[in-house]
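Both complexes below contain subunit A, partnered by subunit B and then by subunit C.
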Partner chain A sequence: MARALINAPAKAKRGEIIEIKTLISHNMETGFRPDNTGKPVPRDIITDFICKYNGQEIFRAELFPAIAANPFLTFSTIATESGTLSFEWTGDNGFSATESVNITVE
Partner chain B sequence: MTRDDDMPQATRRRFLIETAALAGAVGIALPLAVKPASATPASMRAAIRKVVGEAPVNKGKVKIDVPPLIENGNAVPLTVSCESPMTADDHVKAIHVFAEKNPQPNVVSVQLGPRSGRATVSTRIRLADSQKIIAIAQMSDGSFWSNEAEVIVTLAACLEGV
Partner chain C sequence: MRPGAAVVFAAAVLGTTATAGEIPLADRKSGYEFMARETRAMQDDDTANPGMLWVLDGETLWKRNEGSAAKSCADCHGDARASMKGVAARYPAFNAARGRPVDLEERINICRTEQQQSTPLPFESKELLALAAYVGQQSRGMPIEIADDERTKPFLQAGHELFTQRQGQLNLSCAQCHDDNWGQKLAGAAIPQGHPTGYPLYRLEWQTLGSLQRRLRNCLFGMRAISYPFGAPEYVDLELYLMWRARGLPVETPAVRP
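Our next item is the complex of A and B:
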């Protein structure tokens, strides 16, 4: 299981725009780099990222090999209600990781 | 000087000229041969067409925040923002980023909605060369807006072996 870091406010005012920062450990092998024998190393990247707010999708990203190792994504959302922010990463070779944080909206 | 002496001289001269031309050709061909696979402006345009279809792409509204000079192309901080009220009627649906000289023109595609609040996305990208980055935003009314940024990279990504 890849290590993921989420930075989101634990508390927010209703209607406030909150910033969410996500980071996940993954080497994002591009598939363009040659190994010692000159053959390219097969591609192994995270291809999709989805963020859901209480089960409803609020952000989705499609990643390509041009994303740096340990993909870092920052985006924003409106704090509408208390609940859970869930994050899901999927990628090559059956890679899958999930993470969630709670948010209290006053 | 007899005519017999003339011939070898002409051959020698031609030989020298030809050698020089060959060396020049090799000199030009060699850098091309070792250059890694890279997307061309044409393949970037094709990738953009794949996203926008036949719709016209207007210039403006989008802002790319990227350092103009980068030491290490392996992790380049990139922020793309778009002017939009982000309401249900008028919001940014998606932002696509393309690079001209990376092995693959696509960099990242994100989908936003009125719940995003702000059309701003940050990430870290790889750049294989000094090049132009293009960001295209798709609005909820179906229009496309774009902007571009020139970046100089000192140490390129994805050239080193494992």
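Our next item is the complex of A and C:
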């Protein structure tokens, strides 16, 4: 199971712009590197990231082999209502990880 | 110089604080000070510092039963936040059974083989780095304090000799960069003073966490010298000397470096 770290405010004012930071452990093997025997190491990367705010998609990213290991993504949204921010990473070899945090909007 | 005179000279250098070439204690600063603002921000924010991913893994491993003794680290040491506080700031430390200093990774493996009756974790394995990062993080902010006594003195001297010895095809010593030319640039990169304050640390170039021994191998490779195998006593002597040289600086584990 991949480790993920989420930094999002637990509380926000309605209409406030909030910053969300996500970090996940992943090797992001490019597929272009040879191993000790000269054969290329097969590609193994995260390909998609989706953030949903109370079920509605607010941010999506496609990731490619040039993205560094342990991808760190930060983005912002407007705090509209209390609820859940959910995060989903999917990738090669059936990789899938999910996280969620709660936010209270006053 | 006669070989005997060289030993006496090294002893004299270690015995005093401000000899020519050595950085005065007041001017010693961590590699953090030489980093770009963005890299500092990455280290300072625990949710942006990738080293924290290893710390979290280490916390899980700390509580996991291992080996034929089916014991976890926590069974002997309890809560690491209390029992491991300050430990990494004193390592490498003298180990009486081995008759020489051991570094933190070696100490973890001694526990694994002798207490948990398990196999030692390979150098640079994710598990060993995770445990070292978790133990190291408990000393974050505490000043590095290496024992400078009769038992460690010969090893401190050996480390100091390695540090000042020219080697490799470029015929360079560690001291020529890190004592004499710190603050200058080597190609585009700043030359730091070479204080191992944050190991194991996340190096952006490596895209992973790595130990001080891995970093020392990097330097040796850059000098086009032959590197020692992982776990070689030469590395531990050098680690001991470098930590003694960094005494007083706060532990930053897990640090981030470019």
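Heads up, the rule we're going with is that the second predicted complex is superposed on the first by the 106 of 106 C-alpha atoms of A that agree within 3 Å, B and C clash if a C-alpha of one lies under 4 Å from a C-alpha of the other, contacts with A are read in each partner's own complex, and residues count from 1 in each chain.
Simple rule for what comes next: a residue touches a chain if its C-beta (ideal position, glycine included) is under 8 Å from a C-beta of that chain, and two chains touch if they have at least 3 such contacts.
Please read these numbers as outputs of a predicted model, since none were measured by experiment.
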Partner chain(s) touched by A:Tyr53 [first = subunit B, second = subunit C, both, neither]: first
Which of subunit B and subunit C A:Ser25 touches, first, second, both or neither: second
Touched partner set for A:Leu5, first subunit B, second subunit C, both or neither: second
First (subunit B), second (subunit C), both or neither touched by A:Arg33: first
Which of subunit B and subunit C A:Thr104 touches, first, second, both or neither: neither
Contacts of A:Ala69 with subunit B and subunit C, given as first, second, both or neither: both
Subunit B or subunit C, by number of subunit A residues touched: B
Touching partner for A:Ser96 - first (subunit B), second (subunit C), both, neither: neither
Subunit B and subunit C contact sites that coincide on subunit A, given as residue numbers: 68-69, 72
Contact footprint of subunit A on subunit B as seen in their complex: 36-37, 74-76, 79, 99, 102-104, 106-113, 115-118, 120-127, 157-158, 160-162
Subunit A-touching residues of subunit C, taken from the complex the two chains share: 45-48, 50, 52-53, 56-57, 204, 207-208
Subunit A - residues contacting subunit B, complex: 17-18, 30, 32-36, 41, 53, 56, 58-69, 71-78, 80
Subunit C-facing residues of subunit A, complex: 3, 5-7, 21, 23, 25, 28, 68-70, 72
